[in-house]
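Quick notes on the structure that follows.
By written order: A, B and C. Residues from 1 in each chain.
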Amino acid sequence: MDLRPENFQSVAEIEVAKVAQRDFVVMVAGVFNYLCDTAMTAYGDGSAQDEARAAGAQIRTNSLNNLAELLQEFETNANRNGIQVLWAADAEEACQLVKGLVEKHQVKTISKGKSMISEEIGLNHFLEKEAGVKIYEGDLGEFIVQLRGTLPFHIVGPAINMTVQEIAGVLQQHIDMPYTEVATEIVSYVRTYLRDKFERADMGITGVNQAIASTGSLMLVENEGNIRWVTSAPRVHVALMSIEKVCANFADAFHLLGLLTRNCTGQAITSYVSVLNGPRRAEEVDGPEAMYVVIIDNGRSIAYQDPLLKDALRCIRCGRCGIQCPIYLRIGANPYGWIYPGPIGNVIAPVIMDLDRTRDLYEACTLCGGCQSVCPSGMSHLDIMTHYRQMKVKGDDRFGGTRICIKERSGFKILARGMQNPGLYKAGVKIARRFLNQRSQDGYITQMPGPMSGWFRCRDFPEMPEKTFRQRWQDELQEEARQTADRAVAHPEAAAQNEEG
Amino acid sequence: MSSRAMILERLNSATWTKPSSSREVISTPASIVSGDVEMFVSKATAAGAQVEEVGSLDEVQNRLVQIVQEEQLQKIVITDEENLKEIDWEQLSQQTKSQVQSIAQLPGENYRSYVVEAGLGVTGCKYALAETGTVVLEHSHSNERLVSHAPDHYVCIVKRDQILKDRYVLASLFDSGLSSTAWTLVTGVSRTADVALQVVLGMHGPRKVTIFVVG
Amino acid sequence: MKPGNGLLAKRSDLMSKVSLFIPCAVDAVLVSVGESTVRLLARLGFDLQYHEEQTCCGQPVITAGHLDLARDAACRFISIFEEDEVVVSPSGSCVSTIRHDYPRLFEDEPEWQRRAVELGQRVYELSEFLVDVAHIEDVNAHFSGKLAYHKSCHLLRALGIDHQPQTLLKNVHGAELVPMQDDHVCCGFGGQFSIKYPYISEAIVGDKVKNFLASEADLLVLSDPGCLLNIRGYLHRNHPGRQVKHLAEVLAESV
């Protein structure tokens, strides 16, 4: 399968047919939604939870409103702490910068903490090919996905769709694990295998959950302990962050942390939260000698200039929207063709890739709003997705959207004209009725060729009654309604008793 | 133009009007700073730590002897923190026939090779959080990062008065300045659910965490 | 509670006039939903009005991104209804279009935006109108059996309407409202989505129906024509005999 957003339709059709995976994922989502809902009660009742989310949204608003200032403040304070800050305009530059650091520090092996931005820029592939280094993902799920060479299934649970048997098979094949289906034995084997890599790695690479501007600190969140290794043992630590991952201070960072973990795994806090303020000092042994932060744009600053699209940068990557999304839960990650599946991908991919390639992402959506109803950072997914649709209709140079063709627009033009002209509207209904009803059997149409055929894949359509509501109103309903209402108003008791009798 | 300049230029030239920053900080009243010990114990226990309330460091020492004997531990690594110095490590070492090394006695290379072989790491902490059962470690040459992470069994000694109410209190302490190179908030045991959603404790960090609440 | 009594006691005279906004899908296909809405409101003593020049609110055009095409139609819609004190519609989705989408169509036309916002405040979904505006919680309807309720997306999340339809259903004489797994999850309709991505739509509506069958309810009730067409069409194809109805159809059946 060629996993690219352009192939959404064909890949989705294959994935949706995997009924067992679908049912499993829907079940898992149910469990996680329950855990997250329960964790959110720490804030209090429903309205207290709304307040907590609103505060999270406000923090993100503040960060975005002051983004340039906060990034510079962070840079100044990080420099003061001995952290070197590098800036990358795009994926290519970010990869080259890291390659430069690999060469500068004569790095042979790299251990990694789970980082979405590193996947966004394709760092592993680049470094292995261009710098000849060996890279080990430290997060178990990410490690399995790395060995298997597939897209992560979910931003938090990359291998959550895999069965124990599949996982055991991958580990047996790639790292010689004696086959076992016992989870504790699998974990134990990988623990020992990766422990050795952690101890020997020359460079550790991580993402960043929040960069704290006022102190120049990094906050990293995890459960497994790989990030602690990766930031403690190697000589060099490189942290990658996209431009929006900055907040003013720890009060903000810790509030977001609570929302992040509660909406991610349903935990009040994860096993480990690392706060890193710089490389180790002369008398210290653990911690890197040199520490770098690479601030990566990759298309975001252009989105930032748009008053509506800037909100796509609110996301704190909890992944809660994914487990709300009826589409993602049925088709999984593959059709999205990129590392951010589900509603996050729908919102972010179009500005990082382009509007044409990602069209199915923002169109394959029922606009049900499940995603934004739980979002702790105040994202309006639907506004953003419908905005992309509007941009695509008009064409948009900034984000590579060519204007849709006239043929595609003609249907909507006809509809719009019907809306403005009751005569046309009535004529349209008449034509549709004749067209549909000629295929009707026992009151339902069961199939139809042409553009409407999709509807009839799994469902029928009722035939259209000979009289529209409007005609029925004119013919009898209006008069009937008047009489009934008069009776009800004149004799409420009688009407009620009559009806009861 | 450098990428830095270009990115900042784009951010600064956004056409939408940025409201003057109004900030709603989630604050905790200054009066409620210290945390409830019972809550700390129950939250830390729920996160997978074994928590014991003890009267004194002497008791901690006795319990450590039992732990070392029960688990037949050979090598123990301890940090160079003040509240650990009241424990008689030499006596413990003799009683249990185990090797106890303080990071103060281990020069660079030796420390690293010792810490990854140690079966037990013992540290104090700077704070603890009742809200989540978290211990807050301030790392430095006297509390190296891997002492609390590399050994299979990690013991943390918490004094009652170190327990804060919640993360917001910690945030205000951090916001008023933090000088150390690294801090870690440890809550329970390292874990993963990546194998078919089964929660397994002891992924890359300690498999076992024991917390002594003293005082 | 006796319907007439409670209603007349709490309702101002102004409120007794109700203008009907009958969405195009109801006008042309689901006529019985419109008819039931009329019968129900008339039985409760409301003086009904129906502007015969109304057509469609333009939701399909707006969600597909053709805002330019939708603006004129929206102006027309506003002009038709803005003199009415109260507008009621048996569609959460269409009400949400008027209330939330219309004002956004006129970002650059403040006068039209003001008119859109003002109208949006007086357009109500049926159950919202009955419970929140007219304070009627029991319409003296009757159904023998168990009911399950599907929380249509726009009704629940765009308009925040949840307890209103359920209250009305709980008070249906002879009926028991039973819980249904994932009652708040989308049914997979999504307008054009159901035609453009039929295989995904099928998987979603399939799960919805599975949950309905597992609830052991005799009837599934909802308050949106889109979901109704989708689920009814799926049931007819795959589970003939199992029924889904619009809230208005259930409430119109009197004791």
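One rule holds for everything that comes next: contacts are C-beta pairs under 8 Å (C-beta built on N, C-alpha and C of every residue); 3 or more make two chains touch, one makes a residue touch a chain.
Worth saying up front: this structure is predicted, and the values here are computed from it rather than measured.
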Chains contacting each of subunit A and subunit C, listed by label: none
Chain whose mean Cα position lies farthest from subunit B: C
Identifier of the chain whose CA centre is least distant from the whole-structure CA centre: A
Distance between chain centroids, defined by C-alpha means - subunit A, subunit B (Å): 32
Between subunit B and subunit C, centroid-to-centroid distance (C-alpha), Å: 55
Subunit B residues counted as touching two or more neighbouring chains: none
Multi-partner residues of subunit A (at least 2 other chains): none
Subunit A contact footprint on subunit C (complex, rising order): 2-5, 7-8, 16, 22, 24, 26-31, 34-35, 38-39, 41-48, 50, 52-56, 58, 60-67, 69-70, 72-73, 76, 140, 153-154, 157-158, 182, 184-186, 188-191, 193-207, 229-230, 232-234, 236-238, 254-255
Sites on subunit A touched by subunit B in the complex: 28, 31, 55, 58, 62, 65-68, 71-72, 81, 87-89, 93, 138-141, 144, 157-160, 162-164, 167, 183-184, 186-188, 191, 194-195, 198-199, 214-215, 217, 223-226, 228-229, 231-233, 243, 248-255, 257-258, 265, 268-281, 283-287, 295, 297, 301-302, 304-307, 310
Complex contact set, residues of subunit A against subunit C: 9, 12-13, 16-17, 22, 26, 30, 326-327, 330-331, 363-370, 372-373, 386, 388-393, 409, 412-413, 415-416, 418-422, 425, 429, 432-433, 444, 446, 451-452, 454-455, 457-462, 464-465, 467-470, 472-474, 477-478, 480-482, 484-485, 488-489, 491-493, 495-496, 499-500
Touching residues on subunit B, where the partner in the complex is subunit A: 2-4, 6-8, 10-16, 18-19, 21, 23-27, 43, 47, 103, 108, 111-112, 116, 131-132, 134, 139-141, 144-146, 149, 167-168, 170-172, 174-175, 177-198, 200, 202-205
